[in-house]
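The block underneath contains the structure these notes are about, expressed in structure tokens.
Lettered A, B, C, D, E, F, G and H in written order, each chain numbered from 1.
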Amino acid sequence: MAKVKGEIVVNTERCKGCELCVPICKEKTIEMSGGLNSKGYHYATSINEDCNGCTNCALVCPDGAITVYRVKLD
Amino acid sequence: MAKVKGEIVVNTERCKGCELCVPICKEKTIEMSGGLNSKGYHYATSINEDCNGCTNCALVCPDGAITVYRVKLD
Amino acid sequence: MTEEIIIAGFGGQGVLSMGKILAYSGMMQNKEVSWFPSYGPEMRGGTANVTVIISDERISSPILNKFDTAIILNQQSMDKFENSVKEGGLLIYDPNGIVRHPVRTDINIYTIEASDEASKLGLAKIFNMFVLGGYLSIKPLIDAEYIHKGLEKSLPLRRHNLIPENEKAIARGKEIVHAVHVLN
Amino acid sequence: MTEEIIIAGFGGQGVLSMGKILAYSGMMQNKEVSWFPSYGPEMRGGTANVTVIISDERISSPILNKFDTAIILNQQSMDKFENSVKEGGLLIYDPNGIVRHPVRTDINIYTIEASDEASKLGLAKIFNMFVLGGYLSIKPLIDAEYIHKGLEKSLPLRRHNLIPENEKAIARGKEIVHAVHVLN
Amino acid sequence: MKDIRLMKGNEAIAEGVIRAGCDGYFGYPITPQSEVLEYLMANNPEERTGMVVLQAESEIASIHMVYGGAAAGKRVMTSSSSPGISLMQEGISFMAGTELPCLLLNVVRGGPGLGTIQPSQSDYFQAVKGGGHGDYKMIVLAPASVQEMYDFAKLGFELAFKHRIQVMVLSDGAIGQMMEKVELDDQLPRLTDAEIVKKYPWATTGKTPDRPRNIITSLDLNPVKQEIINQNLQKKFRHIEQTEVRFERFMCDDAEYLFVAYGSSARVCQKAVLLGRAKGLKVGLLRPITLFPFPVDELARLAKQVKGMQAIEMSAGQMVEDVRLSVNGVVPVEHYGRLGGIIPAPDEVLHVLEQNFIHSKKEKQYEPATY
Amino acid sequence: MKDIRLMKGNEAIAEGVIRAGCDGYFGYPITPQSEVLEYLMANNPEERTGMVVLQAESEIASIHMVYGGAAAGKRVMTSSSSPGISLMQEGISFMAGTELPCLLLNVVRGGPGLGTIQPSQSDYFQAVKGGGHGDYKMIVLAPASVQEMYDFAKLGFELAFKHRIQVMVLSDGAIGQMMEKVELDDQLPRLTDAEIVKKYPWATTGKTPDRPRNIITSLDLNPVKQEIINQNLQKKFRHIEQTEVRFERFMCDDAEYLFVAYGSSARVCQKAVLLGRAKGLKVGLLRPITLFPFPVDELARLAKQVKGMQAIEMSAGQMVEDVRLSVNGVVPVEHYGRLGGIIPAPDEVLHVLEQNFIHSKKEKQYEPATY
Amino acid sequence: MSQLLTREEICVPENEVYHRTCLLTDAALSYCPGCGHGTAHRLIMEVIEEMNLQADTIGVAPVGCSVLAYDFMDIDMQQAAHGRAPAVATGIKRLYPDKFVFTYQGDGDLAAIGTGETLHACNRGENITIFFVNNGIYGMTGGQMAPTTLPGMKTATSPFGRDVTTMGYPLKITELLAMLPGTYYVTRQSVHTPANVRKAKKAIEKAVQYQKLKKGLCFVEIVSNCNSGWKMTPLESNKWMEENMFPVYPLGDIKVPKP
Amino acid sequence: MSQLLTREEICVPENEVYHRTCLLTDAALSYCPGCGHGTAHRLIMEVIEEMNLQADTIGVAPVGCSVLAYDFMDIDMQQAAHGRAPAVATGIKRLYPDKFVFTYQGDGDLAAIGTGETLHACNRGENITIFFVNNGIYGMTGGQMAPTTLPGMKTATSPFGRDVTTMGYPLKITELLAMLPGTYYVTRQSVHTPANVRKAKKAIEKAVQYQKLKKGLCFVEIVSNCNSGWKMTPLESNKWMEENMFPVYPLGDIKVPKP
């Protein structure tokens, strides 16, 4: 079975810091950033390279702030 | 078992001639009169002495036009 | 010419349709007409009446409190409308069921035993056409041909076979209307 | 004496309750007061502001477009209210998060680093009391004892244990307010 | 050959909307106007023109079905009588706020409450001043004959789409129930969906790539924007006041006394004018056909000519306020009204006018105000 | 010691009704008045006085719950804001037709439609002219302070039962949401059921052998009877016009120019008067407290004194019609309104008055009409 | 001996076994001849009389043919706006928890315009009793289609018969309401035969009794004829009702209290 | 080799596996952080995009937090008065039978003030789709009690908790509507976990598909959080929802087409 590698891009201006995506990620890839966006929210950010591109975080993000990328590693 | 004899009195002014009571009476005691009441309705009338005072006619009369009497014959 | 008529009786006596035929006939004869019914929960019995106006001029008020003619078909309507007839006007009534007859002496009064005659002829359903005939014999404001056209217009097509019967009733009505009190 | 104040910031910064304590304190000192919030679906974030008027006379309009004092706690409010301060009036703001600082030269401007100070002291929740303290040090219109009474009145009984902490914050606020531009 | 029929007012407007190319009717039965829905159901507009007719579960549902259809650019309508129209006030206000065209028919009966099913004119204020919340106006047409019931179907839709506004036909039980001669027009075609897309670019017909999405809403929480929205609405109403006033003058040219009346009352007054003229009185009648916009200027003009105005209404005095506002104190304006479903008689209203202005000591010299 | 509190207008009226011995509140949430229901729910009137508080499923249900309670002789009320009040129009008309006492609160927001939640005065026509069908009036009280919100709870119930009429408190988002000092009265006891039977013999409290059954209905199909019912209603309204007019004069004695404004607008005008006086202008303010009955006589009287009247409203011009009807052309009456939730400022309205009457060429000599 | 009793001798008060309850007024009922509303009125009034509740009863009349119920029922009554009787009754009952409060409503009133008020009064378990006369039509206004009109049935607004695909299905509102936890006793009855009248009266008695016991909302549907609206004689209409209405609206208890 | 891929190399359009649908506008959603409305919006728009229905869709927004849906959904939309969306949608659909017409409503909107319109649109089998976001509270107006509020739950108008004996029971409106012959597909979903999101999307797809096939009314309930109204963090609220809402409003299909 081919291995995959993923990445997420959080639209930090759209993110409202609800933290729903954080526990969803089984790879523990997402954390809330210390910084604030212009609306005053701590936004989500990817903290490691373990993302497998499963899209789960994006599925539950109410603000559609997450874009997910995936490449097959073979 | 004691025999009974009944009688009905139709309030001819209240009667609207709907005829609902007629087929209800198993004793065939009720018929519509040829005459009209002041509102122009043919009213119900008792035509024989077979009434047994079962009250069925009064129960179905929408206008509460029938009073039923009954005596025990022993 | 303006003729203002009230037709009044029980619901079910054909009061409204008599008015309608009259109005339609007037219209066919190129007159201005209006027809105004009492309305409402009449399904549950009670009185029905209709005001019909036939005129050579544009009709102003379709609702009146004085009439040239009153056609009266039951006691309640007699009580209500006897005094609404204009001085010198006309009152026609069917005496069947009438307990208190009209008493005015300043109007023309006629009776028409339409219900008896209609039952007799087995035409109870078009008892109103007898009355119409009676009225038209006293006030012949509409020509027979327009009455015919009025019947055609106001009856649905599937009922047109009944027109001859209706016309017979109208004709017979003319014969059974009787003066009770006529001003001279 | 009439003091017309706008307090404006984020929902959640305690803007409305700061206004309420101010109004209550004024009332306890026997002044006329009014408190008028922006309202509506503010639960869903966005700005919150409140107009507080404290006066020796009966207050006419509770809604104003010019103010003696503006207390400003975020950028959006700065954009909206800087120009609403009357000539010669007062503007106090917490510079945290402010990108575009006030530019007017016809008013008195002070900063108060209340959020930083509050976080530092672990009192982030009553950050607004620091601001209140700063304001009162510049415009001491209400005596400390009435502020105390105002706190008593506006906090529910079960929160009265927090009053000393609040008063501490007010006192500290007086120390950290700094003039940026003062007319003379 | 002309298609002339004897019809009830309610039937005439029903036939009128079919022929005017109406797309949809949504309504709920109530006396004295149930014939509108009944006529439509019996006369198969679905087959004749494709028009949709639906009996709704309530008047509230009806008006919001109208909202939905109108917002999608269709010619839609509802009808009811007084209590039912009261229930629609929120919906009407929503249509005003979204500037949706529609035709509304109120066949007025006597109120308040369940009142009576007899004719009345006591919903004038509701129709003209605003029964719903907010600053808005509808165009209000007051038919005085069955022919006008018919005619105002077409006129109503025209005005509604011309101005993107609600048009209410304010009739009453008398006009609705009576039969008169009606001359019918030819059938107008309904607009196709493609025509609607073209003619009403604001309509929510489905967002195509060539335009931004269309939104129908009356909400704006920004006071500055909301004020502009309202100011634009008001501008439209002022424009309608300039351009759409309709009235009928009856023997006004030399009139010294004027009846002012609309709808059924105007029919009565017309006869009263004739009675008065027969007596040698110089009486006339000004019949407002549009109640909004009201014939303010015409009345102001007539105020300089006549000695007094007599408003006749089947109400306790509603339109008379607009007469007074038009006249602004220049001549005395009196009101006479019958209530509870009673229609006044021609001789009765003439008598009232004579009492108020001719036989009475009330008559004085009126100095017109100078501004 | 006096019980003085800082309260929102909405909270004040809620506390006011509890203390006035209200028996029941039925309502549905809507901004900007949800605090009324919320305050009542949180402040346990059930325990304090036995007052019932129920959140209904809609405004329509609310008003008919009020109908039921009122018809049984209880002091009941509802509150809402503009769209919700529009939904109640049929119910209000039913209460008018049955002459049931009740208290209604409209914390007005900007319309039409969903509009805005910001304060407005654009429901004046609806409240005063009749948003529902039929000829009826409510007593309309216009509070201009939180204290009046509180006071009008008690006054409202008093008037409602004195005249068997609906009393509407026509407030707005500003008065409802702002906090001011309120002085509270002592708790009045609620009437016992026995007291109700005695005081309100018309109430449907259960037919006892000592009286015929009580019927609450607005229906009468007999036009003659229905007309009498309506005439009696009108008599009551005339009586109220004679006896219940309330207004506040502010610096009117020597005024040459008059603001006329109610509610929030009056607060603004009061300040404008002070600004004007500071400038040496003889400006005054007439604040109608009752909008029905309107202070017609007082305005007619002032019309002889002043040179012009400036109506200020948060609407496109509604109350101004009543001012004009009162003044009847004797002096010019101008209107100025802000829309969409905007409250005008004191200097703004003073400027408008100056423009209209003092700096402008419009100013002329007005001859009072002579009748 | 008995054979000799004359009519006059029999018809004396002691022998009376049935007489219109004194809680029906002398006013002639405004209903069409043969209309079930009259019988329904009588049964309710009989129960109130027998349970001695006149002084404790407040009734609510709807808009519909029974709008004038207050002319016939000798109790305190309120006339409610179309569809709003359950809200009106709620207002009364909340303020007079010990009175017997009922509404009397038609199918248009209860199941069309009044759907919301009905459902929510039931859902709140208001301690009131609703009498629901289902005749499948709007009688009062001249025979228009109601939510309960049967498929194919001709009415003034479905002149070619109710087409369920465009006009909706007969609404079995009673079954829906029975699903709500707030309803305590829900039953469907008729009043066109002596046996049904007896059953209906029992049901009414229960519905009154349960309210006295503050058990929650009791709902008694009475399937009835509207001979005028259906354009039949009263006898025909009752037959038609049995053959056509009962299959869709089967008689019997729908929800009974758990013992 | 793969180990060497940089972030920049991965995050290129070809590798994109999930991106917010282009039928959501760029406007920031007005919802509170973590509110399920956003996810619900997204799924509906994804389906409309994937089924290529933008030009054929007319949406109806309610009064509630989602009143501004038209700012976020890039389709033609109408804003309906509180509770009346099903009537509005009926008006549209009857006149445009080939368009895809849907309403999006909250529990206050649909199950309180809009009960009548909802029930009758369902009973008529209007060929529309209703998306029903049930968060057990009035979010928009500041957290008042809704018909679906749970027993004992504290809200602004039930500050001591919902007392079912005076305030009524949680209304399972979806189960009621499923009983009506006019509804074709009725389901209850949630959008708080990836699995539930996937299921909800499937349900939405079906509901759209069935409307295209003119099958009658499709009804998709989405049980959602209102973290602001419930006064919890988003994460807490989703947990609370699972533990408290789901037992009363169990997820899954309630009425599925007979095969």
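Here is the rule we use: a residue touches a chain if its C-beta (ideal position, glycine included) is under 8 Å from a C-beta of that chain, and two chains touch if they have at least 3 such contacts.
Computed from a prediction, not measured in an experiment: that's the story for all the values here.
Asks: Which neighbours do chain B and chain F have in common?
Replies: For chain B paired with chain F, the chains in contact with each are G, in label order.
Asks: Tell me which has more C-beta contacts between its two chains, F-G or A-H.
Replies: Result: the pair with more contacts is F-G.
Asks: Where the centres are mean C-alpha positions, what is the separation of chain A from chain G, in Å?
Replies: Going by mean C-alpha positions, chain A sits 62 Å from chain G.
Asks: Centroid from C-alpha atoms only, then distance chain D to chain F, rounded to Å. What do you get?
Replies: The mean C-alpha positions of chain D and chain F differ by 34 Å.
Asks: Counting in whole Å, what is the centre-to-centre distance of chain G and chain H, each centre being its mean C-alpha position?
Replies: Taking the mean C-alpha position of each chain, the two centres sit 39 Å apart.
Asks: Find the geometric centre of each of chain B and chain D from their Cα atoms only, then give the gap between the two centres in Å, rounded to an integer.
Replies: Between these chains, centre-to-centre, one finds 87 Å.
Asks: Which chain E residues touch at least two other chains?
Replies: Only 31, 54, 57-58, 60, 83, 90, 94, 98, 113-114, 117-118, 217-219, 221 qualify.
Asks: What are the residue numbers in chain C that touch two or more other chains?
Replies: 40-41, 45
Asks: Please list all residues of chain A that touch 2 or more other chains.
Replies: 39
Asks: So in the complex, which bits of chain C are touching chain E?
Replies: 20, 23-24, 27, 32-37, 39-41, 59-66, 153-154
Asks: For a test of understanding, state which residues of chain H touch chain F in their complex under the given definition.
Replies: Spelled out, the residues of chain H in touch with chain F are 63, 67, 79, 81-83, 112-113, 115, 138, 141-142, 144-145, 147, 156-159, 166-167.
Asks: For a test of understanding, state which residues of chain B touch chain C in their complex under the given definition.
Replies: 36, 39-40
Asks: Under the touch definition given earlier, write down the residues of chain G that touch chain B in their complex.
Replies: Of all residues in chain G, those touching chain B are 2, 5, 7, 10-12, 15-21, 24, 28-29, 31-39, 42, 191-194, 197-198, 233-235, 238.
Asks: Using the touch definition from the top, list the residues of chain E that touch chain C in their complex.
Replies: Where chain E meets chain C, its residues are 4, 6, 31-32, 117-118, 173-174, 177-181, 264, 267-268, 270-271, 274, 343, 345-346.
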